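Dropping the structures in below, format is structure tokens.
Two complexes are shown next, each including chain A; its partner changes from chain B in the first to chain C in the second.
Right, the complex of A and B next:
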């Protein structure tokens, strides 16, 4: 017994040391912004998440203009009032935007803690369900794999997360909203879940599809009229936004320049997604049609997946986030950072996932190849857009393979558990 | 990568053809890797045969319509400049400023705008991050010593038919301290063209003539000018720069001012974006037969200018001016016996092929083959080195296509008439090229950027030479997959066998799944879990078994540590350089010691053997490690082939056999058969030769003779690489060295 009690504390300490190490690592990287130049990389900062654009929007707002004037800023007005004042404050001798970077580091740490807590909840729930199936011996092996800690550390030490955090993109804050929603739903904290979901939707629109896993998670939750509640929250956020942008243009302008910008793919500068290349090539009179097709693509997959995976809402959320970060109009590495962290939750369930090594190799390859191709195209001039787009396609294929393999791995695991319990039943009978 | 053997036959027939093909390749990986490697070497040797004739791809260049208008009049003027410059040499004092002033005088007399550009030569510094950023961001602000400064003289002709948005650059080096005869001649050529261009009506692009002060090397002068050209200084910063060296600035100002105040301008003058740049030189080498022109094109990291530029120069030089055009060759290859035999073989093969099928254009004469391979080898060598072969390299960093043209006169001492003829021909060539570039509507983009020359009029394009590389690296993922599958399969069978005799109810499992009519794949996969569930004592083992697909994580961690160490090793010289008074040999020894120390420390901290206790149980651990090594080497080589093809090709020839052959020596020695002994010997040789310093020494000994080789040479060579920001340096540190360490680790693996 003593051994068992010391083991967790040791593990706890290891987790906290790694967490501190990751924070230190980020702070070191933040100190050399010029050398890394991450904030200008297309993989890290998209038109929606770039802090440079936010600073521009804040400047416009300070000079009593609409922050959306001139098509520079496309984020939320709430971010503007949250991060805006920090962009103008400089401390002598330290890199600019230091305060913002600190906010992002804090958001990352908070994210990882939320992921850890959610993972622990999930693990407890999983163990209980195994107990109810009389499969205790499997749950014993799970002791060795604290999936919450693993997920949190994967999130913290993922190079993509670090790049997004150091590269001054606002995606850690968007991820924080998503995490708040999922954490709240897991812990059955309806207000928190509703707040997180509404904020996430408000910030980047695509998390709107997370409403299904959240409702499924809340499942038999406290007896509150959920839908109505969510709607009311949304109204609050809109009211807040309305107040903050009222004097500069009003809500409608915010809608057109935020959600319109997201939905109609106006900015065709290269990123790691696939839409920019396509919409740069497509004829103008087909543009609307293909816009609908591409954006509906995400919606098409919602219901079949929801039906198949309704018993695993968190995994469903992982699949949704992966799909939307593959098909969204301005993806960045910050989005992949989130779902790769989620992968750690299911480390036990997905332990027999195929192609894991292959996926890992391609991830490494693509993330190294992408800057090289960009360099070849933009700085050397010996390559062209196709070079960079090739890596974007490889990245998209990779995400597809990841989704397919993880879903089939999960379904196999469930099937196995079912077989196991039925075998158990037969054993008991004979 | 699906397990092929454990599954029943029923599912085998259902597999898609591509999966079956993959399994076929993986299961015969030894045979295929042998065939592919042989094919790769053969394809590399065939490249000179497969080279195509160059052709001018951009229509708007119109080299055929160029009329040689340069006449004796301009040549006479050029002769005057040459005479004046050589006369200055006899005057001992003040020739530095004198020659500059003289050139400026001539420039402004011909009607151009003249300005001087003062620069401080920046010491090239080790800056590993520069490669992935823009050229400007690598600029290091450092204390410049005020005594050291050079002055470039810049003349600009404004085009009468242009809008000043495009420009063509002519560059001639001039060592203002002492003007040599060759430099005077190259100035003469440039001046004859320049004075002509001032009068022609067709000029649509501005012409910039940069007389680069070459007392610190011409590359430094040209790159300093280009940097200032592309980074406009707005008010404020410029004055700070000037204040840093007030006295030298004044000195310079007074001396310049009192002769051509009205014509020279102290600020920086610009024309538009550069369409092309031509660096002109006159070489020392005298050739007996005819005047010749050498073209140097390699810029940093194996970048080449657009092939159309070389084509234009080659076309005009050969067909209009009757110059003999040359590209650099690796001379030591020319008299190698095996190459000659190979060339004759290919020639015979070509004859045979043509006799069978006359349309087939295959095969070239043996002599041409040898010449082609020598040129190809030198082209590959300079690209792989990643160091520009002349000051044209500085232009490539700003996406400007540039070449160096080195004219060599027939006889060394030129008589007056011969000199006139030489000036006329060279000047007409330059004038023709300028006229062609002037015709351009867009920047060069039609022709190839990625190519290797085998002669001035023959090239191998990226589509052809990539085949050789692809064949070379193709065995890596194949063998990696086969090792990975075998390792995980053997573990699976191991784990299924062990519980089989313990489990009692395991027999009932298949019947259960069969009754549920679930696919047989899941039945075979779930059997370990099923059997494990029967006895609680096996639960821990079940935990390990289910992690089988993630077993590579340990090996991946190990190789990650090694790769991290590789980047640490490549950063170490930055600190070692700062130790004062270090001879190359001692620096090299410090470097090696520090590297070994850091490897040990990192291995202790990061790859602590706590987790290894878990997986040393598996006998096949080395196989998974090897598979990870192969995959990492594959990724590294593919990346490098995009950055710099030549480095990847040469590096691949070294790494690929080393990685493919690696096998634990202990296992080989245990089974004493001929095959394993052969493999041991191969492994040892490859392991020794693969170590970068040894590779360097062996190659240097092979090409230059063994007499003058020392360990310190490697340090100097590496220093040379990083001073020029060559990606090859990063490749050696971050890809080659870790692969070598991992291979050595596999060789001495105790299993």
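Right, the complex of A and C next:
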């Protein structure tokens, strides 16, 4: 053990330097926001996560109207009271939304720390299970791959994360809620998990499907009435929201303007998903049918995945997040930042994943081509909508390949482990 | 009383039929109609012609549903939809506030935004106002052959609170900037007049000449006092005006070119309309033509005459107008009226009155004005010059800016108020923005003298109703207070451009979308012109209209916003490709999940198992060798030796075949 303790400290130091470097990098980028103009990129800020819309909602609230009065703001009232006051305060000589940016940077750092802690927990658990299977030689190779640190650094240095953080979208906070839920579940902290899940669901609705991995994670946990607890939490959050929006029109207005907006895809402005163009082009009498089909598509795969991957709840959560960020109504790069970070947890398990180089290349290609096509279409008027939509299609295909390959890679890995252990058992017998 | 009416009715009807001219005196208590035309030379060598027709009907039900003069369609409209007040205008061209005046009753009442503008106040419960409005738009659409029914959609009309008119409870306002105005709108409008365009002043409306003009605004204003509890007694008053700005074709008289540029063009009714007035409309109570000279023009003429040392500065007011040194009016006016000096008016304007009664077919009325001396003047302008424009490029976002520039007039007018201490110039802005222009109201910025100001310092009062996608437009009403010495001010608002469904784009989607005009009004300033002290102004509808205190307002430009278009030609491709991607996801993920380890291993085992042919061979071999057939399952356990023997046999057979093929 003494030998090992020196190595981790060295590793730790490296991790902390990279973390500080990423924070510094972000701060530098925040200081030149005018040159980047990331906050108006459709890839970064969707109608749900745009801070500009939040500021508009806060302004409406301040002028004693409902923040949902127009169809500008569709976020949570809690976010409004958290970030709203910060959007108004300006410090002379500094970028206008500096305080908000600092909040997002803090959320990102916290996210990465949670990812790291969760990854370490996962790794320890994995090693223990390997030991119980007497597969020590695999666990030794794993020592060299600190998956928690890798995941955290992937998250921190992912250009998508940086864009979402610097581009003033609220997705770091949504990601933080998801991370809190997963971390709490991993550490068997039921209240934290419940809080995180409820907040994530409240903020962006789609994390509601994470209830399955969280329950599976907590499955062997203390004998707490989990479901009941979750319900109670939800009631608390609703109460909070109710208090904050009561004077403007009540909860029903909040529901229609948040979840109704998400589910019915009212805003057809371009984003990196495929639904905006689909619903801009589809005939009106098919609209409801396709709305149901696309939203149900997320739900269709929940139970098959849960059955096959019930022994790996964290991986299940990763798959769910990837699927929902692919098929959700208003996806942004902030969502993909989260699941790409999670990918780091399974760096050993998925080391034999197929098409990984191809996926990387397409990621780079799409993230470079998408702004170009958008520029051609919107700003220069020389391209047309199909150009941009093509990159969105490529991005969707990419995510599909990622999901399919990672699931099959994980299943193959498990199969290999089982074969190894059974072979060992046979060896032991013989 | 009713009995008396019943008895009198035949007599009234008789008198109407047999003594049509006399009937006016009879119907004085009842319906009446008057026609007037106001002509005014404009500083930029153009002529303003303002037709004013007024019909009035009392509310007595004595005639049942029938009217003598009043258009039945309009009275039915009022009764059916309980319209308290309504104004509909069809306009082409923009009123030039700098050149044609921005501070007189005509500009404040008759300068309208391009296209169709409709507002109406209803006398119904506030829940039914929207329904009444929708019905009204359809009725008017049918009545005027225009697409006013587009105002039915809740995305096009708005309910201003105080920004448009001070007392607007159940008011609805809508405008269609794109609507093209044509003769097909004028013909139904003329049908509402008792004489149509067959007699009277309306015969002047020669279609080619009035549509050739620079500005053309046809307006219908309706006031009904029926539903007021007091009952003002005026009944329904229908006011139809047509305001045109025309360029008189210059009559060349062989003067030198340089001189001609300074000299105002001379004109006559025949030269600007191509027609003459051949008598009045016999049903009209009065039929009067006015020629108005602006206050500043009169002052200019005064000074010119003083220069020329012509004695009697007010000669042009006297009866001998024809002898005036500066200009000549071809017809001798019946009366010359001078505006009574108001508080803020320096230069009174002058009105020449011509009654058309005396003229007939054989002796048509043709008013002409001939300038003798070059004269230059300028009209009285609004306190601030208003313009609105778009900022930014690209199809994603932009900003609307309203810029206000002070005119010379502002300083003069505000001198009186500066003595009171804190001098503030109030400006009211009313702006309707369609929903696909998503305005961020928190980005409102105010600049005074090109320096940014805190919004709370300038904005006195503000009411915003933000737009809801596909439901309602955004409405902004605000009162700004500027310091008096201000030279220029600007307000800007950022917006994002929306993306529409392909069905929501008009056929010419790439032309862009219009943002209707904003209305900038100046609550501190009112204009009125009073020409007569006594009550005889009642005789003339146009003069009594001038006497009313009307607020100064200005309409801004209509903005054209280009929006991004999707590809209209490929909805099928998009649907099929997207569905394919979804199917790809679903199918491949399901395939991965469905594949089971055990199954695969079994499959592998099956592959390892001998095939059918080989089993047959085995059977054959067993029979030949005379040994009993072993169960296939046991082969795996039985021996590796039998398998190796088999492999050996196959190898030998292969070599034999190879040998045969190669060397045979």
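Rule of thumb we're sticking to: the second predicted complex is superposed on the first by the 427 of 430 C-alpha atoms of A that agree within 3 Å, B and C clash if a C-alpha of one lies under 4 Å from a C-alpha of the other, contacts with A are read in each partner's own complex, and residues count from 1 in each chain.
The rule is short, and it goes like this: contacts are C-beta pairs under 8 Å (C-beta built on N, C-alpha and C of every residue); 3 or more make two chains touch, one makes a residue touch a chain.
Because the structure is a prediction, the values reported are computed rather than measured.
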item	value
Touching partner for A:90 - first (chain B), second (chain C), both, neither	neither
Touched partner set for A:415, first chain B, second chain C, both or neither	both
Touching partner for A:131 - first (chain B), second (chain C), both, neither	neither
Partner chain in contact with A:326 - chain B first, chain C second, else both or neither	second
First (chain B), second (chain C), both or neither touched by A:426	first
Partner chain(s) touched by A:12 [first = chain B, second = chain C, both, neither]	neither
Partner chain(s) touched by A:70 [first = chain B, second = chain C, both, neither]	second
Touched partner set for A:304, first chain B, second chain C, both or neither	second
Chain B versus chain C as contact partner of A:352, first or second or both or neither	first
Doubly contacted chain A residues - partners chain C and chain B	379, 381, 415
Complex interface listing, chain B residues touching chain A	1-2, 129, 131-135, 137, 303, 396, 399, 449-450, 484, 505, 508-509, 512-513, 516, 518, 522, 525-526, 529-530, 532-534, 536, 539-540, 542-543, 546-550, 552, 556, 627-628, 631, 635, 638-639, 642-643
Touching residues on chain A, where the partner in the complex is chain C	40, 52, 55-56, 58-60, 63, 65, 69-72, 266-270, 274, 276-284, 293-294, 297, 300-301, 304-305, 308, 326-327, 377-379, 381, 384-386, 389, 393, 396-397, 400, 403-404, 407-408, 411, 415, 418
In the complex, chain C residues that touch chain A	393-397, 435, 438, 440-442, 462, 464-471, 474, 496, 498-503, 564-567, 570-571, 574-575, 577-578, 581-582, 584-586, 588-590, 592-593, 595, 597
Sites on chain A touched by chain B in the complex	34-37, 135, 137-138, 140-142, 144-145, 348, 351-358, 360-361, 364-365, 368-369, 371-373, 375-376, 379-382, 412, 415-416, 419-420, 422-424, 426-427
